[in-house]
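Each of the next two complexes has subunit A plus one other chain: subunit B in the first, subunit C in the second.
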Partner chain A sequence: MAVNEKVLEELLNRYPAKVKRNRKKHIIIKDAALARQEIEANTRTIPGIITNRGCAFAGCKGVVLGPLKDVVHIVHGPIGCAYYTWGTRRNKAKSEDPTKNFINYCVSTDMQESDIVFGGEKKLARMIDEVMEIFKPNCITISATCPVGLIGDDLQAVAKAAQEKHGVPILAFNCEGYKGVSQSAGHHIANNGLMEGIIGQGDWEEAPGKYPINILGEYNIGGDSWEVERILKEIGYTVIAVMTGDGSYEELKNAHVAELNLVQCHRSINYIAEMLEIKYGTPWLKVNFIGIQATIDSLRNMALYFGDPALIQKTEEVIARELARVEPIIEQYKKICQGKTAFCFVGGSRGHHYQGLFAELGIETVLAGYEFAHRDDYEGRAVIPEIKPDADTKNIPDLHVTPDERRFRLKLSPERMEELKKKIPLSDYKGMNIEMKDGSVIVDDLNHFETEEFIRLLKPDIFSSGIKDKYVVQKMGIPSKQLHSYDYSGPYAGFNGAVKFAEDITMAFVSPTWNFITPPWKNKPLLEGIVAEGGCSEC
Partner chain B sequence: MLDCTPKEIKERTGGVINPAKTCQPIGAMYAALGIHRCLPHSHGSQGCCSYHRMHLTRHFRDPIMASTSSFTEGASVFGGGANLKTAIKNVFAIYNPDIMAVHTTCLSETIGDDLPTIIRTAEIPEGKLVIHTNTPSYQGSHVTGFSNMTKSMVNYLSEATLESKKEQVNIIPGFVNPGDMREIKRIVNTMGIKFIMFPDTSGVVDSPMTGEYVMYPRGGTRLADLKDTGNSKVTIALGSYASADAAGQLERKCGVPAVILKTPIGIKATDQLLMALRSQFAVEIPYELEEERGQLVDIMTDTHFHFHGKKVAIFGDPDIVLAMTEFVLSLGMQPIHVLTGTPATGGAIGTMVGNFEVEVQELLQEAGITGKVKAGGDLFELHQWIKNEKVDLLIGNTYGKYIARAEDLPFVRMGFPILDRSIHSYLPVVGYKGAMRLLEMISNALLERADRDARDEDFELVM
Partner chain C sequence: MGKKHTSCRNVNENPCNMCMPMGGILAFKGLEQSMVMLHGSQGCATYMRRHMAEHFNEPIDVASSSLNEKGTIYGGEKNLKQGLDNMIKAYRPGVIGILTTCLAETIGEDIDRISQEYLREKGYGDLPVVTVNSPGYGGTHTEGYWLTLRRIVARLAQKTGANSKINVIIPNLSPADIREIKRILQLMRVDYILLPDYSDTLDRPYQKPYRKIPEGGTKLADIAAMGGAAATIQFGLTVDESMSPGHYLESRFGVPLYNLPVPMGVENTDMFMNMLMKLTGNPLPACLEQERGRLLDCMIDSHKYNARGRSVIFGEPDNIYGVAKICLENGIYPVVVATGSKNPLLVKLLAEKLAHSPLRCTVLTGTDFTTIRKQSRGKANIAIGSSDGRFLTEKEGIPLVRYGFPIHDRTGGQRLLSVGYAGTTQFLDRITNTLLEHKHKHYRKSMYEMFYLNNQPVEEFFLESSGEQHDVFMQ
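Up next is the complex of A and B:
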């Protein structure tokens, strides 16, 4: 059954009036015939609604900062927030020097009641001293949790004093959980801090190799960025920095030498992409390494940007070889997956990215959405001028950068830039909605009630989301695939990732475990045997 | 692995590195799930609720439902009263629980929201209930949060309505798995004693697969039973950190005497539980349980050479670690490093908790063992202890796996949380059966290591 406006209205009618009015604006049924379909996003979740959303701290420390492996990340606050962001996101990292890899450490000031009453600045300063003495990192970040802002600890001042004392960059992030309306606020805060405090601090004036690029918004979940780098390096690119999966302070500080910035997760990192363009004249390219065709398109767009025939040729060679290798495998899996339907509800970019990969397996996405995206992630960046900042977004300061006098250099002539923009998503993102089929449902900040209801209406064959709704859906007998953590599998990016994904999704469909849900006695009358015996006189 | 941890131990005062505890609200949320048809509610920003649900879900691999007040900056400045009132209205309208159990977070605590007043002036539908507890994350640990929510159940719900007490026992199981709660209930049932267990998360976070999702599964303590706890003859609180406070409150409020015991992990603590029930209710221990005990002792004696004299490090929640220390001592093992992240004083000043360091040290002294014992410690320090004095086995929650790998130690997972293995929440570690299971885990870990390390000529068929 498809969802039409009437069915949707009935569903919404079960909400209290105020909630209905709000939620209605966050749900659309795709209709390409309409000139435009506006969706509300990045606004407050109504109290009491069971949402999947997290907080600014999660977006800042958990998502953007956490993966930087040679940095010690101090969480300033009571213990919980640090604890929950310790090893739970699967952003893998490896280091040549294991004594400079802090990824498995969790550092918290563990504020106690007296710190809340009398202030926690002194304790934080002691923690910084101890971290310097024990770990000797090249860089430290400090992330604030909810109570810190309220009690008025001046993180920036503590960080500044410590930086002078220890002679390494110490960056403070005021990413208290109540800021903004979701993780998204934290991405922005982290972007600002990295741009101000790390990027461009290195002394490289030139890239150490050909076709230098940065990969932005790639967090190496399950090893994704290693697969992407495998392909890019073979083609001949020089990867300067990955932001921030398996990333490091040492790489990030020289990110200014890249000639192109790739943007994988637009939501979490577009601020840096834009600032790099203003400050250094480096354009960004929206890429998507999830799915075979999306990977191929991204590789071709990159080659076109650099415009070097040798690079273009090498790109085609690698594509042809990889395709010949993976296509036959995918075909096998497709036989099982063909004709099935999926829900795809993930953070801020994967709700879009995975649809192509599902389609390659013959699976149609009938409902998609984001947990914490903005309107531009749905409708494309063209709507940005229309988005009116509200009280919650105004609380997150914008960082205004200006062209770097020494290092700003236009990487392309304005004419070439315009010409390319017509062909490839250069410094632009068209959003998710445009790629969705008519009649499919788009839901922003999908909540528990709607999850249950839409599943009942659309009966998808697979549900992809996170850990909090996974088992809800599985209890209904529908396999659920975590697309934040990949259910501890992966990588899912690039060519090898597509194969792994196909294997995992197929496994979810063919697992015999689903066949045992109904006990054999449920459909059999208890006295059947006796009745049959009594009534068998005829035979 | 953990290559940045130095052997040399220096005093630290700036906080913790690699914690062995987390914050109060997650414990309160877990306890609240142990009430039938209850929706836990987190009064703070969304992030806390999201983290607690995620972590509980990862441990139990079952749906963990909870709502949040979704604070924004405005609420942090003006207080969260309006948010909570809206939340209460929406929760009952949309998710229809019988009861909402609200806990605070460090944000609403720092603001100082007055929950009783907010709840009193909120619109609560006829026949529905809202209870609350204060869970400031800057005190105690997740165990304290569990204790606080359990105590609030008594404060709000328990009533002494009869002249004389009923022949029934209240059992507060503490912060343990539903598999443990089921086992404790089986033991008390086998003894033929009427009981009320609260909170009881069995049937809630270990619910069966039926092809249908129900938001409020069959399990959880019934509200009528919670009320009736005030009429019971005695309360047995298992684990002083998680359960004693609620039992004490029930004694003060309804005159139900409190008996505080260890979490029944291992033979001695299980014996004590049975003896307490036996004397309180004057019932003999049925053969079924005596047989189980006999089997356990049989296994212990038959295989003592698998584990005797081995050095162990144990970490985790105080009630669990204390009982586990006692158990490994009864096996002839040597627990030389014993640590909990929960601070010694547990919760707010004046609450009833045990005294972890003193109690563990007493156990060690009795056995003639010198060991390091610490409350309020962290895993960074535990790792350093191990670097300075090696052990043969590490016992603790999932986070121990990094230390186990770094130091190449056999590792037995127990406690909360276990995120990298499944099924643990269904099977007990309490009672005689649970002790057998633990013994199997310990022996297997040690024997598998012996097999792994044996030279070909020493590789044995029978061990």
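Up next is the complex of A and C:
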């Protein structure tokens, strides 16, 4: 059954009137015939609705900062917030120097009642000293959790003093959980801090190799960025820094030498992408390494940007070789997946990215959405001027950067830039909605109630989301695929990732488990004996 | 017993505990038709749901009042009321638990007043609401759990006529353990009220149609009757009186309290059986007697393998006391027993038991994993505790037997059975087999390294310890 306006209205009618009015604006049924379809996003979640959203701290420390491996990330606050972000995201990291990989450590000031009353600045300062002594990291970040902002600890001052004392960068982030409406606020805060405190601090003036690029918004979940880097390096690119999967302070500080910035997750990192363009004149390219066609398109667009025939040729060679290798395997899986439908509700970019990969397996995405994206992630960046900043977004200061006097260099002539923009998504993102089929449902900040209702209505064959709704869905008898943590699998990016994904999804469909749900006595007579005429047989 | 304060360290490196509201959620999930609201920013609720979902493999619905910057200035009353409204409409709960988080406590929210006002305004006068002040910085999840139970009892237990029931109050045990305790109680023909009973709600069978609030949980009518019960058995030897629901029932309603250790190991389970026999006058049924016999048989069969074990045990106070008892009874002598909770009662209890151990044991309270690791290095060859202890395996090569909460890197934490004679038998087998497996896997390699290469482990990243440290000697 498809969802039409009438069905949607019935669903929403089960909400209290005020909630209905609010939620209605967050749900659209795609209709390409309409000139435009506006969706509300990045606004407050209604209290008491079971949302999947987290907090600014989660977006800052958990998402953007956390993967930087040679940095010790101090959580300034009570123990809980630190504990819950300890090793819970599968951002993989390896390091030549094992004494400079702190990814497995969870470091917290463990604030107690007395710290809340008397302030935690001194404790934090002492703690930084200890961290320097124990770990000797190249850089330290401090992330604030809720109580810190309320008791008025001056993190920036503590960080500044400590930086002078220890001579390594110590960055403080006021990412208290109550700021903004979701993780998204934290991304922005982290972007600002990295831009101000790390990027450009290195002394490289030139890239150490050909076609230097940064990969932004790639967090190496399940090894994704390793697969992407494998392909890029083979084609001949020099990857300067990955932000921030398997990333490091050491790489990040020289990110300014890249000639092009790739943007994988637009939501979490577009601020840095934009600032890099303003400050250093480096454009960014929206890429998507999830899905075979998307990967190929991204590679071709990159080659076109650099415009070097040798690079273009090498790109085609690698594509042809990889395709010849993976296509036959995918074909096998496709036979099983063909004709199935999926829900794809993830984060701030994956809700979009995975649709292509699903389609390559013959699976249609009938409902998609984001947990914490903004309107531009749905409707495309053209809509940005229309978005009115509300009290929550105004809370997060914009960082104003200006061209770097020494290092600013236009990487392309304005004419070439304009020409390229017509062909490739250069410094632009068209959003998710445009690629969705008519009649499909787009939901922002999907909650538990709606999850259940839409499943009943649309009966998808697979549901991809996170762990909080995974078990609801499985209890409804539908396989789920976690697209935040990949259920301990991955990588899913690039060519090898597509194969892995196809394998995992197929596994969900062919598992014999689903066959046993109905017990035999529910659809067959209990006793398979013959009733003797004239009475019961002695069974 | 020597005692050392080593809180000179400020850093909590790899924490050994969660925060108060987390434990509170768990307690509330054991009430029939309950829903929980966290008053604070939504991140806390999201994190805790994530955390519990991964352990129990179950949906964990917890609402949040989603406070934001404005709420921190003008108070969160509006959010809390609106949140309650929406939650009630969607879930129609039979009882509501409201827990605060750091944020709400720091701005000083009066959840009692707000919730009462709300109920009055909406005419929900008979909808029971239990409020708990549970700032994350106020204690660990263990304290949050017990305090919540005490608040539940204080709010819902009544001075009813005397009944012949026996209250059984349990710490954070697995759903499988709860079911085992219930089975024992049934075998002993005890008319009991078990609190909190999340054995179904957090381990529900696959069933259609899907229900928003799972079936099961302690019935409110039963909790009301706890005030008139004949006795309370509380597996909470280490629980401070101020947080003890059993103590509340005793001082308020005169229900005699029997604080017992968690029935893990022979002696602890014997105590439980003894108590049940004494309270009911019923004899021990033959099948339980046989289970005891099988446990002893298991212990005897495994004693040579176990004799090699040197254990590091960590987790919540009452649970690790039970584990320590199993280890002591089987010669898997503990060398480190540790908890993130600051619990003086535990130290006292353990000191009595460990005094008879031939090995020196370090008891750590209010500690973190880096300290545990440092203390275990070179001393322990088996670790028992939550999956957070996997670092002991990765860094120190100490194999880990998973027990407790949370277990995130293996499936089935909710189905681990470890209490009673039968549960202890299974638990002991898991320990023994881990020792055996480790031995077989590493025998050649360790011999080669120790005697041929003469390798010594390398020092890294250790400074002071955090928390309190107590050295226990044989007297």
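Here is the rule we go by: the second predicted complex is superposed on the first by the 523 of 539 C-alpha atoms of A that agree within 3 Å, B and C clash if a C-alpha of one lies under 4 Å from a C-alpha of the other, contacts with A are read in each partner's own complex, and residues count from 1 in each chain.
As a working rule, a residue touches a chain if its C-beta (ideal position, glycine included) is under 8 Å from a C-beta of that chain, and two chains touch if they have at least 3 such contacts.
All figures in this text were calculated on a predicted structure; none of them were measured in a lab.
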Q: Based on the superposed arrangement around subunit A, label subunit B with subunit C as either clash or fit.
A: clash
Q | Which superposed partner A:101 touches (first subunit B, second subunit C, both, neither) | A | first
Q) Does the superposition put A:53 against subunit B (first), subunit C (second), both, or neither? A) both
Q: For A:157, select first, second, both or neither according to whether it touches subunit B, subunit C, the two together, or no partner.
A: neither
Q: Figure out whether A:510 sits in contact with subunit B (first) or subunit C (second), or with both, or with neither.
A: neither
(Q) Just to be sure I read the superposition right, which of the two partners does A:2 touch: subunit B = first, subunit C = second, or both, or neither? (A) neither
Q: Considering only the touch criterion stated at the top, classify A:467 as touching first (subunit B), second (subunit C), both, or neither.
A: both
Q: Report for A:310: first if it touches subunit B alone, second if subunit C alone, otherwise both or neither.
A: neither
Q.
Quick check on the output: what are the common subunit A residues between the subunit B footprint and the subunit C footprint?
A. 15-16, 19, 44-58, 77-84, 86, 88, 99, 104-113, 115-116, 123, 126-127, 130-131, 133-135, 145-147, 149-151, 177-181, 391-392, 395, 448-449, 452, 466-472, 475-477, 517
Q.
Going by the contact rule set out above, which residues of subunit B touch subunit A in the complex?
A. 1-4, 6, 10, 12-19, 21-23, 25-26, 41, 44-48, 50-55, 57-58, 61-76, 83-84, 86-91, 93-95, 105-107, 109-111, 136-139, 141, 207, 209-214, 380, 399, 402, 419
Q) In the complex of these two chains, what residues of subunit A are touching subunit B? A) 14-16, 19, 44-58, 74, 77-84, 86-88, 98-102, 104-113, 115-116, 123-131, 133-135, 145-147, 149-151, 176-182, 391-392, 395, 448-449, 452, 466-477, 517-518
Q. Which residues of subunit A touch subunit C in the complex?
A. 15-16, 19, 44-58, 77-86, 88, 99, 104-113, 115-116, 123, 126-127, 130-131, 133-135, 145-147, 149-151, 177-181, 391-392, 395, 448-449, 452, 466-472, 475-477, 517
(Q) Under the stated contact criterion, what part of subunit C meets subunit A in this complex? (A) 9-15, 17-22, 37, 40-44, 46-51, 53-54, 57-72, 79-80, 82-87, 89-90, 101-103, 106-107, 135-138, 140, 204, 206-208, 210, 212, 340, 388, 391, 408, 460-464
